[in-house]
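Below are structures written as structure tokens.
Look at the two complexes coming up: subunit A is in both, with subunit B in one and subunit C in the other.
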Partner chain A sequence: MKQTIRQLISAFACLLVIVAVNFFLPRMMPGDPVLMLTGLEDDLVSQAEYAMYREKLGLDAPVAAQLGLYVKSLLKLDLGHSYHYKRSVGSMLAERIPNTLRVAVPAVIISSLLAMLLATYAGSKNGGVGDASITGAMIIMNAVPVFLLCMLLITVFAYHLGWLPFGGLASANAHNAVADRLRHLVLPVTALSLSALPSKYLILRNQVAASTEEKYVLYARARGISENRIRYVHIFRNVSQTFVTMVGLNVGFVLSGSLIAENIFSIRGMGQLMTGAISARDFPTLQGCLFVSALAVIAADIVTRLVCLALDPKVRLGIYEAE
Partner chain B sequence: MKRNSAFAALALGMLLLVIFAAFSVLPQRIAPYGVKEMFRAWQPISRAHLLGTNDMGYDIFTELVHAARNTLVIGLTSSVISLFLGTAIGLWAGYVSGVTGEVAGGIINVFLLVPMLPAAIVVAAYLGAGSGNTAAVIALLGWCPTARAVRARAAQLKQTAFVESLVILQIPKARIIFRHILPNLMETVLARYILSVSSCMMMESALSFIGLGDPSSVTWGGMVNFAYRNGGFARGALNWFLAPGLCITLCSLSFRLLNTFFEYRASLVRSGGAKSYME
Partner chain C sequence: MKKVLALILAVMMLAALLTSCGKAAAPAQTAPLPVTTPAESAEPGAAPAPTSIETLIIGTAADLETPSRSVYNFDVYSGTLSQLAPVYIDENANVQPLATEFATSDYKTWTLTVVDGLTWHDGVPVTAEDIKFTIEYNALQSTGEPQTTYAEINVIDERTVELVLPSANVRHLSGLTTLRLMPKHIFEGIEDMTTATTEQMTIGCGPYEFADYNADARTYTFVANENFIWGKPNVETVIFRTFGSVDTLNLALKAGEIDMVYAYAGGVGAAAAEDFKTAANVSLFPVKDTSNTAVLVFNNNTAPASDINFRKAVAFAIDYDKFRELFGSEYSARSTAGFVPSGTFGYIDTPELVRDLDKAREYLTALGVSDADGDGIVELGGKPLTLELMVRSDIPVYERYAELLKANLAEVGIELTLNITDVPSFREITEQTHTNQAMVTKFTAFGMAMQAGMGTAYMSGLGASNGQGQIMDETFDAIVQRLKTAATPEEYLKAAAECQQYYAENTPAIALFRDSYIQAYNSSLGGFTVDGTFGILNARTWYSVTKK
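Moving on to the complex of A and B:
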């Protein structure tokens, strides 16, 4: 319990760190903070515009007052204004986030389930052929960068075989809208799931392999309980806490992967917004994206902690926390 | 993990590393052409051009060999910096008790949660393109796993009898930390370092792919980025984007294979030979 509270505090502190980075980075960088905050080019800004922006951003006020204003606007969910797109960052994100979620959420679910199934199978066959081949494949897959995976999937399944669309989320004139949308999701979700799978698998497999040597497994076997029941009921319950933690940590990873995958699959999500903002030097948009991804990761972390608390009586009652 | 497969992993990892090290130490000897030599564009794989040429007519294999050094240098420097940061903060958090220790532990927990790629993109976008900047960004965001591992081990070591006796002997704290705890951490730190090189390289390739790499010193990630932007991917020119992509994969894999071997060795030490249910 104490541990959980401590972790909740650090989740909140992480949010503060992100806010601080967003606030201080443009003001500390060498160069003019007005240009850094608006992303405008030095020679394209007239004197009058410069003065207008400077006043609008409140850069003449003391830093403490600026920080107060910044935090106040964040609390009102105002993420700033993009001078490149001439829109509020919040409205652009609201438009883009659902598309990112459409790819990221299925990827988290599929990769977690696959990781769990494969890990319980391979871990309980510790050292066998099945274990060795799955683990070997996962170690290799762990080294493949997500952009390469996306490009390979497109080359094979869209370019050469022509089974699936190259990108986007829907075709303009589809007969069956639902099936069409699903077809568009197959490749990006596969790419993200495959990239998120190995890290989770490898940790879970080791945990399962270690628990097969525990006494409760020996005892269950002595009672004549079937191997499958031992594997998927007894051992599963014991590694479920690691599993939930892994899923929570994975949200950030999938989000990062989706930043890249969206560009390759031309999905109008947050990742595409971010890469577009880089070339346009659109710092308010970049900061908004960072803030929202941090929020997502932190929310996932908090949910994870609470689920772990509900799952594991050892954590809930604080029995093993004395160490 | 069986003995044979552990040694196979070691051999394969070393082999790959030696190849890439040769690429980066002697690029002029290995590459068939000069970096700026130009040929007819869009040539397929042939005897004269092992991987064909790109849209500008540069030989892709030559570019690949020359990019090895940039990629490895960024990966190695950023992981060395993050190693120092991680070890220092991890030691502090693991050994020092009381408020400062709590604070250090808190810092580690906080930074573990920061979403890596988005944060790296924002910081790198502010700093601007440049190999040094890329390495710095990756190091600043990549030290947490090392710190966490070091903290756990340092906290463990603190409980051991030999450290307790040092405390009883009134050996100064700094001396205990640096002369007695630090040498015992070497194994943990080295294991983390190997993995950290791999993850730093992956991070670098992701940043370069997005277009935040240094345009003047091209890395493998940067090569994939060029191939993607300049039509190599749309034309299905596998020789152009797959080759650097595979190099990133193999290089990162080689470090992970070494790690597999060290994990195997560590597991031998831990289990101390045969295992039994009777304890």
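Moving on to the complex of A and C:
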């Protein structure tokens, strides 16, 4: 319980730091904060317009009051207004986050499951042909950039074979909406899953390989337990903390990794919004995206720690500390 | 193992759940189009359509956002389907009537008459008041100030409006090719255009009606307007679909997933055109060059390019044949002195540009350079002679142009450094600060024709904010004034010839090569009509396009 509270406090502190960075960054950067936050051009904005925006953004008030207003608006889930898109940042994120999740969540799950299955198998066959083949393939895949992987998948499955669509999340006039949407998800989810897989696999495989030498594995074999059960129940349970931590960290990776995939597969998600905001120097949108990403990473971290506590009695009961 | 399989099954179910939790793909709303016989009208709907095409899909790499007149890409694309401008420019650079007939006796007062029977998609007739309103509303929305282009705008009758310029301008109508008419009865109460609803923002008077924006499919769908004055177009439904990259867009055309690729003022690149030649199902259409694909623009007001000897030295150092070989399509041609494309109204022939390193060195000597330290880079005033070249980061081929330029200029001792900038910085520099020394860019057909025409809007440092060439020279300014105030086409053509001659003699910009504006489409289609600004994608094309 104590640990959980400690972790929640540290997560809250992280959140405060992120809020502070988000607030101070446009105000500390060279240039006028009014122009920075509105994207207006110095020569084209009239004095009256400038004053109006300055007041609207609350930049007339002392910094402490501005920070107070900023926090207050965040608590009301008001992430500001994009003068580039001429819309509220919150409404744009609300439209796009579900699209990102539709690609990212299956990718995290599939890559994690594959990593778990392959790493446990390969690690337990340490040095064997299966291990060498899978590990070799993973090392090669780890070196392939996401954009190249996306293009390869499109070239093979959409262009040459014509099995799957080139992009988007749906067809313009789909008759079977669910089947059509699933077809559109296959390539982006595959690309993201394959790009997230090697790092998880390689770490997990080494852990499993080391665990096969442990005494509990020897005892399990001596008890006549099947190899599969030893691998996927006994060994995996012992390396699951590392696995869970990697999956948690993967949330941040997938949110940023989908930035490339969303652009190539023409998916109107958060990654694409961030790309547009960067190229248009749309600070309010960028701030909103970074805030939401940071929240997701912090939330994933909290969940990861809690799951680790639940999984490992040594951590939960503080046995290490007692020793 | 059973548990693992159960887990995989659960994941698959979760994926299915996630895909279905979004909005289902909405079918294109069919507009309420009453059944009528094709209207008796002049071109192009007079002849009955030979075949009817159910759906035509146009792929683009441009981002398709919320449909609205205030969104650039929607405005451009709907301008070829659901919105109409008063006039268009044909492939021979002549202005032709579209939504209005036009007349003038002195090139100062232009009379526009709305073509008979033209209505908005809600059935309300398009009137002279709409034209006046469009001009005034656009000015207020973009600058917050009343319009200043015209001295007077007089509504003569229901269909006729008189636009009185402060002085004669023979080319005035070319500026109206992108003035998409707005319905006064819809917008007159809307102070801020961005607050209008999608229905208000998409209503037009063209041969198609906007039907649907599908954010998941990234498509705009337009359906045929049977009530249009030219009758029902040959294509029932036109869909614009966005692709994440130009590469996937081109693959989709080859795979037959789309019928045409379109990039306003860009066309397909030479490498893609070469690749399309190997595809049996793709045809290419080269539109006469009214734009410049690749131009080296000097800042003529900043050293070292403010000295004509430097600009001439650069012009003689460039390997134009290599540029064509590496970047040009089979329709490309060697560049000529004075960068004006041959399809431009007022174009005159000028000598071809050739590489001559000896002459380049002569001009450098005249500039007063020497290579005192013998490192191969010449010095001017004790400092290495360098040219900083600015290129936009979003168009990678510009960096390749820059690499070849760097190698070319190094051969005569000029060091070229590259400044890659993002689009907002590029705009800030080219429209406000003008702190660059040179840039590689493209000139669009519309941009070449803007204001006084002949690319003067790009080159003058005294006029428009987008004066990339920053020419601040009395002689040039006088030519621009003559172009602007020409009272007859003859006067304009004379001034245009002077303008191009000025460019040829003073080298304020260099077209690295000339190329056609290549458009690619599925070979099963044919019969496109060509427009000088938009190529094969325009309102009239929908009445001539056929499926073989």
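Definition applied: the second predicted complex is superposed on the first by the 311 of 323 C-alpha atoms of A that agree within 3 Å, B and C clash if a C-alpha of one lies under 4 Å from a C-alpha of the other, contacts with A are read in each partner's own complex, and residues count from 1 in each chain.
In the analysis below, a contact is a pair of C-beta atoms (placed from the backbone, for glycine too) under 8 Å apart; a residue touches a chain by one contact, two chains touch by 3 or more.
Owing to the predicted nature of the structure, the values given are computational and were not obtained by experimental measurement.
With subunit A as the common reference, the superposed partners subunit B and subunit C clash. In the superposed model, A:159 lies in contact with both subunit B and subunit C.
In the superposition on chain A, contact is made by A:182 with subunit C only, not with subunit B.
With both structures placed on the common chain, the touch criterion links A:281 to subunit B and to subunit C.
Once chain A of one complex is fitted onto chain A of the other, the partner contacts of A:231 are absent, as it touches neither subunit B nor subunit C. By the touch criterion defined above, A:266 reaches subunit C but does not reach subunit B. In the superposed model, A:102 lies in contact with subunit C only, and not with subunit B. Of the two partner chains, subunit B and subunit C are each touched by A:151.
After overlaying the two complexes on the shared chain, residue contacts for A:200 are found with neither subunit B nor subunit C. Residues 151, 154-155, 159, 263-264, 279, 281 of subunit A lie at the contact with subunit B in one complex and at the contact with subunit C in the other. Against subunit A, the residues of subunit B that register as touching in their complex are 1-2, 5, 106, 109-111, 113-119, 121-123, 125-127, 198, 202, 205-206, 209-212, 221, 224, 228, 233, 236, 238, 241-242, 245-246, 248-250, 252-253, 256-257, 260, 275, 277.
Considering their complex, residues 6-7, 9-11, 13-14, 17-18, 21-22, 25-26, 29, 36, 127, 132, 139-140, 142-148, 151-152, 154-155, 159-160, 213, 215, 218, 252, 255-256, 259-260, 263-264, 274-275, 277-279, 281, 283, 286-287, 289-290, 293-294, 296-298, 301 of subunit A touch subunit B. Per the touch definition, subunit A reaches subunit C in the complex via residues 39, 41-43, 46, 49, 85-86, 95, 98-99, 101-102, 105-106, 109-110, 113, 117, 151, 154-155, 158-159, 162, 165-174, 177-178, 180-182, 185, 189, 228, 232, 262-268, 276, 279-281. On subunit C, the positions that touch subunit A within their shared complex are 1, 4, 7-8, 11, 14-16, 18-22, 24-25, 27-28, 55, 57, 63, 65, 70, 144, 194, 212, 214-219, 221, 239, 241-245, 247-248, 251-252, 254-255, 257, 394, 422-424, 428, 431-432.
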